[in-house]
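Step one of this worksheet: look at the structure below.
Think of it as A, B, C and D in the order they're written, each chain with its own count starting at 1.
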Amino acid sequence: MHILISNDDGYTAPGLEVLAASLSKFADVTVFAPEVNHSGASNSLTLNRPLMVKEAANGFVYVNGTPSDCVHVALTGVLKQRPDLVVSGINNGANMGDDTLYSGTVAAATEAYLFGIPAIAFSLTGRAWFGLDQAAEIAVQIVKQQIAQPIQAPVLLNVNIPSLAGGQIKGTKVTRLGKRHPSQPVMAAQTPYGEPVYWIGPAGEAVDASEGTDFAAIADGYVSITPLRLDLTHYDQLPSLSAWAQSL
Amino acid sequence: MHILISNDDGYTAPGLEVLAASLSKFADVTVFAPEVNHSGASNSLTLNRPLMVKEAANGFVYVNGTPSDCVHVALTGVLKQRPDLVVSGINNGANMGDDTLYSGTVAAATEAYLFGIPAIAFSLTGRAWFGLDQAAEIAVQIVKQQIAQPIQAPVLLNVNIPSLAGGQIKGTKVTRLGKRHPSQPVMAAQTPYGEPVYWIGPAGEAVDASEGTDFAAIADGYVSITPLRLDLTHYDQLPSLSAWAQSL
Amino acid sequence: MHILISNDDGYTAPGLEVLAASLSKFADVTVFAPEVNHSGASNSLTLNRPLMVKEAANGFVYVNGTPSDCVHVALTGVLKQRPDLVVSGINNGANMGDDTLYSGTVAAATEAYLFGIPAIAFSLTGRAWFGLDQAAEIAVQIVKQQIAQPIQAPVLLNVNIPSLAGGQIKGTKVTRLGKRHPSQPVMAAQTPYGEPVYWIGPAGEAVDASEGTDFAAIADGYVSITPLRLDLTHYDQLPSLSAWAQSL
Amino acid sequence: MHILISNDDGYTAPGLEVLAASLSKFADVTVFAPEVNHSGASNSLTLNRPLMVKEAANGFVYVNGTPSDCVHVALTGVLKQRPDLVVSGINNGANMGDDTLYSGTVAAATEAYLFGIPAIAFSLTGRAWFGLDQAAEIAVQIVKQQIAQPIQAPVLLNVNIPSLAGGQIKGTKVTRLGKRHPSQPVMAAQTPYGEPVYWIGPAGEAVDASEGTDFAAIADGYVSITPLRLDLTHYDQLPSLSAWAQSL
């Protein structure tokens, strides 16, 4: 069992270190992770320059690129052996609802899924790594379950784990993605020379956190597992849009 | 009618200039585009630094960030007036099948769609801008159709226009996204110091270009319009995954 | 007479456009300039990725790198013809005293000087390009003087031109670099998530603006021309340091 | 005795770790180093975005900026206590002759010198860190000498240490900077899409490696110490240039 691990917080992130250490107890583990933090990277690929692939003292491989770059170069030539599973994380903060689209953590897993390899993204909902060891145990359980009973379909799982004290997690729920309100307004600021600059604002509050969503599961103290698909075609709109396009 | 235009090729790209000129004949047009090329940017947002928003001599606004950044800052505070429509492009090259996930052109439109604004991404399938003027005319037709008969649903359209000589385009097809083979292997190279580096390889050939796909429409000489959705939940897998997760 | 022009404000900067237009009236002009602003770039060279060299619609060549990169690639292979002279600017803002060390404008000229080509850096002391046309006329005079009576030595000139209304400039002074106070403190700020960030503060006020300095010349309404050298050895300290090092 | 340490290879570089460990045996040591490698950064300062200043697990502070940024933010507000000495390195590779102008290692020391703090840059001439421990011992000797007998002048020392086996170093020489031939031509390459790109070529061979230069000292197996100055005015050219400028 060979597992490739990546993340978006960078190769020195505690969430990555703990995940790699936990999985290496029962599997061959290879780490390809970004040299620096790439939160918000989405599925971006670096196309205008080549990537450097280096090995840190602890054996982790780091790449001066995005999470998608890391998994992409590993799978398309740098890694000699095709991994059996790709996991990403454990991320510093939740990746729920619309966040999923922007998440570099999810994107690293997505890249593997597009190459036909089962992939799981793990995120810890709180900041400051509270509950990280417990989250790693849960990640191990889920990975072992996938090894013991492989899901019989291409699979991309988005797992969020609540930052709770040991023993406080109530169980696991399989969920759909919730929805957020639009993100908060840009935060205007100034350079020392008086020029205006704008920070992207934080994500909006959940607007659909109803029963069955990832938001609801986390709020109730459960681990949330959401299966993802990447077929972006809006099939339901095909008939009406065909009618609309007649007039063109 | 106020239209916000963005792209991923950067604010000096011919595809953007022609599109803006064409749409400004019948609508108020504002351009927020990246300062430099961001092909492959996907939905990435810049979270680790603030963005500079400047105006070029021709009135185009450029941002030192990604396509998603451009539309995001416009809609969350920099633009005083909420636009009625957001269009992106015209991109230098196709955005079909799995490319859609990585495309900055599509991402700029996606950002608007997530804010509840109708959004259309336009791409010209060939390189070197062959057929650009014709493509702009087609973009105008589609935009006018959306203004005259607004689609009665949240709408995100991915439009690919074939690079054909004038009059050679056969019509318009509403399509689903096709699929590509995995991308080509990384291209290994060396720095002048002998260190290895790796370029991300080109996209793979189409593997599902069957009737009804965007690949098929373009190959047959039609404009392809694909409606997109961004709900990434894999609803079909929810039941089986729930059973699977019982054992956790 | 073939003149290579670069700058650090980027290839779309008005100071570059005006300078290129003025010099092209009597010389063959080639522009290699950075794609985006690189103020503060100093002599930095890009060593971890290759550079892209592209041509804009107006014939200017732009490079996705630093000012030094632009001149370096032009002189070491991209430009077929070795230029007779390299000029840099006209910069948006002064480059006087200690600023010279950090200036990308001066660095572009320095790069040429190191390759044995006479080089002149031009800066306009005010912001917002006030007095730009007059500055271009003065730049033309200095360039023509160098062509007519070439300085009989390797030459790197740092020229600052005051932002004054037409006819208000009193003449030209050959100066030494003044000194500044240390720069102002960092400006602390916060991300939208409450994390601290720090902006580099503005340059300090002049501490040596005495007669004979560039600061004094500009304050008095003169163009300042300072010859620069790049031999960083502190010859005066060699004897005492040799004694000191005996004890090692 | 409080010593601030920086470098240009990044905060995880072995040369930095060994230097910090060695100096912390007899002094209070603070590290402010770049997050990633910035070889070739020269004195560049980051002016278009704010800097993030974070602490690694080992207590080293890292900054997402250049070597000059690191020392600048430390000295202008982030560090509570003004250091007594700033050292930079130990660099992976020589910084001799004209390299000095481009070196980020030297630039970090330069930044301190400009703030009136004694500063020393250390470089190990070979690659792959051969002889690093010996180099650290030599760095300790030089630092202790500066503490015991402070040089009675503003001081910026550029120290190069040969990569030799233990005991093979013959002694120390105080030197002037040599000169190099112009650097090698750009190395042309191609993207996977066939677009040309250009790598900056390696530095040229020494052209002035005569007795008394840093090149000669290193070639002969000695540690080279070169005192640097940053007054870029070419005083010798002032008279002739004044005559020349009369005609303007």
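List of remarks:
Convention: a contact is a pair of C-beta atoms (placed from the backbone, for glycine too) under 8 Å apart; a residue touches a chain by one contact, two chains touch by 3 or more.
Note that this is a predicted model, so its numbers are computed, not measured.
A count of contacting C-beta pairs for B-C and for A-C identifies A-C as the more extensively joined pair.
With centres computed as the average of Cα coordinates, no chain lies farther from subunit B than D.
Distance from the subunit A centre to the subunit B centre is 23 Å, each centre being the mean of its Cα atoms. Per-chain CA centroids place subunit B at a distance of 39 Å from subunit C. As a whole-number value, the distance joining the C-alpha centres of subunit A and subunit C reads 45 Å. Contact with two or more other chains is made by residues 48, 50, 52, 64, 184, 187, 189, 191, 199-201 of subunit A. Subunit D makes touch with subunit C in their complex at residues 37, 39-48, 50-53, 66, 68-69, 72-73, 75-78, 98, 100-102, 107, 110, 114-116, 141-142, 145, 149, 151-153, 155-157, 171-174, 176-177, 182-189, 195-201, 223, 225-238, 240-242, 244-245, 247-248. Those residues of subunit C whose C-beta lies close enough to touch subunit B in the complex are 12, 35-36, 47-48, 56-57, 64, 191. Taken in their complex, subunit A has these residues touching subunit C: 48-50, 52, 64, 184, 187, 189, 191-193, 199-202.
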